[in-house]
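The structures considered in this document are given below.
Look for chain A in each of the two complexes below; its partner is chain B in the first and chain C in the second.
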Partner chain A sequence: MKQNQMKAWLYLLPAILFLGVFMVYPLIDVLVYSFEEKYNFVTQTSQGIGLFNYAKVLRDHQFLDAVKNTFLLVIITVPLSTGIALLISLGLNAIKPLRKMFQTIYFLPYVTNTLAVGLVFMVLFKTTDYSSGLINSLLSALGMRQVDFIDGPYWAKMLVLCLYTVWVVMPFKVLILTSALASVDQEYYNAAKMDAASPWRVFRKITLPMISPMIYYLVITGFIGAFKAYSDAVALFGVELGKAGMNTMVGYVYDSLYGDRGGYPSYASAAALILFAIVLTITCINLLISKKRVRY
Partner chain B sequence: MKVVLKNLTKRFPSRTKKGDDVIAVNDFNFEIPDGKLIGLLGPSGCGKSTTLNLISGLEAPTSGQIFFGDDDVTRLPPENRGVGLVFQNYALYPHLTVQDNILFPLQSMKGKNKPGKQEMLDKAREAARLVQIDELMDRKPSELSGGQQQRVAIARALVKMPRVLLLDEPLSNLDARLRLQTREEIRRIQQETGVTTIFVTHDQDEAMSISDMIVVMKAGVVQQIGQPQDVYDDPENLFVATFLGTPPINVFDGRVANGMLMLGDQAVLPVKGAPDGPVTAAIRPEGFVLDAAGPFRCALQRVEVMGRDTSVVSTHPASRNAVVRSIIPARQRPDAALETVRFSLMPEKVHLFDPETGNRVRFDL
Partner chain C sequence: MDKQLNAVTSMDFDRIERRAAARRRTSQTVIYVLLALWALIVLFPFYWMVLTSLKDQAAYNSEKVPVFFTLNPTLQNYVSAFTDEQVNLGRYFLNTVIFTLATTGLMMLVIIPAAFAFARLEFRGKHLVFTLFLSLMMIPNELVIITNYVTITNWHLRNTFTGLILPSVTSVFYIYLLKENFEQIPDELYKAARVDGTTDLEYLVRVMIPISRPTLITITILKVIECWNAYVWPRLITTKSSHFLVSNGIQQIRVSSFGRDNYPAMMAAVVVISLPLIVLFLVFRNKIMEGVSRGGLKG
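Then we have the complex of A and B:
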């Protein structure tokens, strides 16, 4: 080995050690766990190797509920939050006065603690002994029926969770998209102006393609983030997500390890790997599409 | 299409509260004849690009009027003026192919004027043929050289058959060789289409070589308008004289006494008709003739051989520049060992200016 190669490895060593011990080894361990049948935490023994854990998890209706919830969350919130963020960014980009102030306001949720945001949503939606929640008060003022958003019907709970998720992920997207919009060279717009292109045409033919790399970046990270949703649901419905019927895939993994139904690292590992496979597939599909669609 | 600029003025508000407004263009009057190629020339910050933006409509004038032919277009938005603008950085849409870039202005048209699909393609192909890029139609701008991108930008500006073509520093992003080639190309395209063309440049060679007329600007004020050779031969003020010409004109502090131009203690040229008193004298490098009995004496520094001709570098006590540079035919090369070199001057290459105002002081040739 050459002298400076030695040096390079030496520099890399601390990072490799840490990543190896705390990332790579546990990952391999998770893979091993997921194939070990009836693994016993205490004796560190198992009764065989096979796909039993996967079969068990895939047949578990708790897991299937979690998958359904997660997919709904992903499909609803990712396009919605990206779309709204794009609209807000276009608006921010178009105004001059008060732009800084609005940018700050839109960025606030990003620096706000998840549980604090949860509290705000409680005020809005939760029915307690002394209040039916702000939204319900509004609904009754409009002459509509009140809904229990936190402990009520599934669609109401899903609605709140989606609203919450959109609200939480929005600021980062607004931040990225406003800077992407600002970095589009004004000359392109001047050139389009000379050609009398309509605003819609300018948006579709110039703005959108120019910022498309950033949009795809947001969509991909948005997908990954939404698949990993857990703390948002906890902030709204508490740790007993399974009972509330609002469990997510990450929530299922957690429950299998620590919850009332916990103590099954093999099931947790299998569920985690299934989640990983799903995220990997979706990301690959996204990348394939973006290669065709992102223009430069 | 004739373009008339009448008392055109553009002020930009000051960046600071107390500062004065910046007058980018100050009372610009010019009637550009139909079908001519006009070069707007001046140092950076002289208002030439602002003038172009005013004509294109991207900027609105503070006062004054712009006419295309007999139409007053001063208040018209850019899209209704019928101008084609080639941007300094071309502003080609990077995600569209060459063909789609050229088609863009046509596709943006509205209503009855919008041509059919096949007609658009024909027009785009015609424009591409004119600038000789019809073989690159499927490429993206990033796959083109700078010169090719420039052509695409020109084709895009021409495809709508504009009444006026505007080019902002069209050659500044090209390397030296491509620049020579492209400026001839611009001339050819302009002649073929006959469209009135105005281009902005800070490079005098560019402006002089292809323009029918040049406009020299400084600090927002037009200094001189005329055919390139006339402006060079007959500058109206010291700025124009020093701005045009490479190597630059030699400037001296002198005075006129009894009809003679005195530089230091040398009476170098009879200047009948010029009033007595101090003057600024400017002598073109090619205005020196090597002459053993000549009245203009200077201390020889070095002789630079340039092949076609020779550059004699010397010093003179009255000179404002560090050295006096004269260009003489190669075969007359003086002995580099000489200490003093003597010249006689060509009267038509000597210009006198008022030392206060910089305005030309004329004398009888």
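Then we have the complex of A and C:
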């Protein structure tokens, strides 16, 4: 028995080692960093413990800009993408021929490199010296004013970022909702047909309650994902997100760590923990609401 | 009288049926049109990237308003994408392949024994350890990446494959997925093997791994996708282009644009970088979609 115990731990050893070094230790360390004042990356020394880093980060207008961008992105894209995904899934559920084909196409963005396709979006929305770009040509054709969506005004940049984010997150949502819809017991629909219930009534009284756990799952993961937005923005606006005024909270963390304004793991840690606290709070609120509203 | 009533009702019935059928047809048409519209939105960027990559650079630059087709497709852009002086795309490709294979392979060596221990072996503290493992699933990468960056820097592993690979060779989620799968293999098989004198390790390699092959393939594919698209960690850890991955390459291309706003060459690079995963997806479509719906997180 004793020998068996040893053997089990031996099998677990690699996993425990890696998780210990690259997950558990960093978790403790990130807390330590965030409270160490004036931590110097080169000499690896600090001058005391306190909330200085948090205060510094919270006063940094770069961080506040990043918070504003992130919140805007979350508030716009989560409801929008979940809503469109629900419509698409309902549509997919209502057809038979070509369904597989549509599902395959809709899933494509999931497997493509976010940065690579981001470049395509940039080309579509950008105006250069040579060309006004496809989107702007369409705008002109419709009699609207042209605007540079990549280097132009803030609202235009935010719009492209939101559009691209929705495009990127859609596959996962459609996939989850289509399988949720497919698993609703057909008996309920047959019963509704007997009662000659209107489609809207069927949707509200049967479909929506039955898939509500999955919708809430998507809203929660959507919130978490959108709060962590970063590479989508990099794909569109390049690495210098701060300069473009399009930085996100995660972007701020990495910028404090690395690059021109880098070398401050303390600020990065404080910012990451603030982000984590926000995400945790919102997830808890979401869970509380869903407990009241969702039937499992 | 009765006959008349019958005639009327059957006529009404016909009419109602026909009207319902017509309504079904209209709603079906509307649904198809909307679905096709979304398919167009999804596919259009792909079309545009392939189209642009085939356009001659001079022709592309002379289009004030972009054209939706090209009559003179050229592969020259692919040649320039791979022969650029600053952007060594072939190298990045090779790096990404090495990184992907090594990370996925090492991960298998770590997660298979761990899943086996949780599913098959009895030891004290098993439930506690497993609960601790599961709680790690909730930790966002952003929180631990800061220390990992410092750790790898202190170990002088920046700009090495070891530094790139090490932090991503464990995944609690895949251990969990595999453990669930291992547990479905009946106990009788294990007992019979023990009677025959098979050791645990032999049993794992000869019985459990072959039986769990579908799940292992799913995990492999999901990990390959993750590695191929990795961006944040490679960006932090590599400063020299000798260890750039394709994602870093894209950022480099973005800045340099292959010299002078050479968008066609840029799009050629993007096509080449996207293609492997698209092919992988088309081959393993069902496995990937099933795997992602079981717990892939991106959205």
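We adopt the following convention: the second predicted complex is superposed on the first by the 282 of 296 C-alpha atoms of A that agree within 3 Å, B and C clash if a C-alpha of one lies under 4 Å from a C-alpha of the other, contacts with A are read in each partner's own complex, and residues count from 1 in each chain.
We adopt the following convention: a residue touches a chain if its C-beta (ideal position, glycine included) is under 8 Å from a C-beta of that chain, and two chains touch if they have at least 3 such contacts.
This is a predicted model, so every value here is computed, not measured.
Chemist: What is the contact status of A:L175 with respect to chain B (first) and chain C (second): first, second, both, or neither?
Modeler: The answer is second: A:L175 touches chain C but not chain B.
Chemist: Just checking: does A:D195 make contact with chain B only, chain C only, both, or neither of them? Give me first, second, both or neither.
Modeler: first
Chemist: Could you tell me if A:V117 is touching chain B, chain C, both of them or neither one (first, second, both, neither)?
Modeler: Second partner only.
Chemist: In the superposed model, which partner reaches more residues of chain A, chain B or chain C?
Modeler: Greater contact footprint in residues on chain A: C.
Chemist: Name the contact category of A:K205: first (chain B only), second (chain C only), both, or neither.
Modeler: In the superposition, A:K205 contacts chain B only.
Chemist: So, does A:I220 touch the first partner chain B, the second partner chain C, both, or neither?
Modeler: neither
Chemist: In the superposed arrangement, which partner chain does A:E187 touch: chain B (first), chain C (second), both, or neither?
Modeler: A:E187 contacts chain B only, not chain C.
Chemist: Considering only the contact definition stated at the top, list the common interface residues of chain A for chain B and chain C.
Modeler: Of chain A, no residue contacts chain B in one complex and chain C in the other.
Chemist: Touching residues of chain A toward chain B in the complex: what are they?
Modeler: Residues 185, 187-188, 190-198, 201, 205-206, 209-210, 212, 295-296.
Chemist: Which residues, counting only chain B, touch chain A once they are in their complex?
Modeler: 56, 58, 77-80, 83-85, 87, 89, 91, 93-96, 104-105, 107-110, 140, 142, 156-157, 160
Chemist: For chain C, which residues count as touching chain A in their complex?
Modeler: It comes out as residues 27-28, 31-32, 34-35, 38-39, 41-43, 45-46, 48-49, 52, 60-66, 109-111, 113-114, 116-118, 121-124, 126, 129, 133, 136, 139-140, 142-151, 166-167, 169-170, 172, 175, 200, 225, 228-229, 231-232, 235-236, 246-247, 250-251, 253-255, 261, 263, 266-267, 270, 273-274, 277-278, 280-282, 285, 288-289, 292-293, 296-299.
Chemist: Quick check: in the complex, which residue numbers of chain A touch chain C?
Modeler: Per the stated touch rule, the residues are 4-5, 7-9, 11-12, 14-16, 18-19, 21-27, 29-30, 33, 41, 81, 84, 87-88, 91-92, 94-95, 98, 102-117, 119-124, 128-134, 137, 167, 169-173, 175-176, 179, 218, 221-222, 224-225, 228, 230-231, 234-235, 238-239, 250, 253-254, 257-258, 265, 268-269, 272-273, 275-276, 279.
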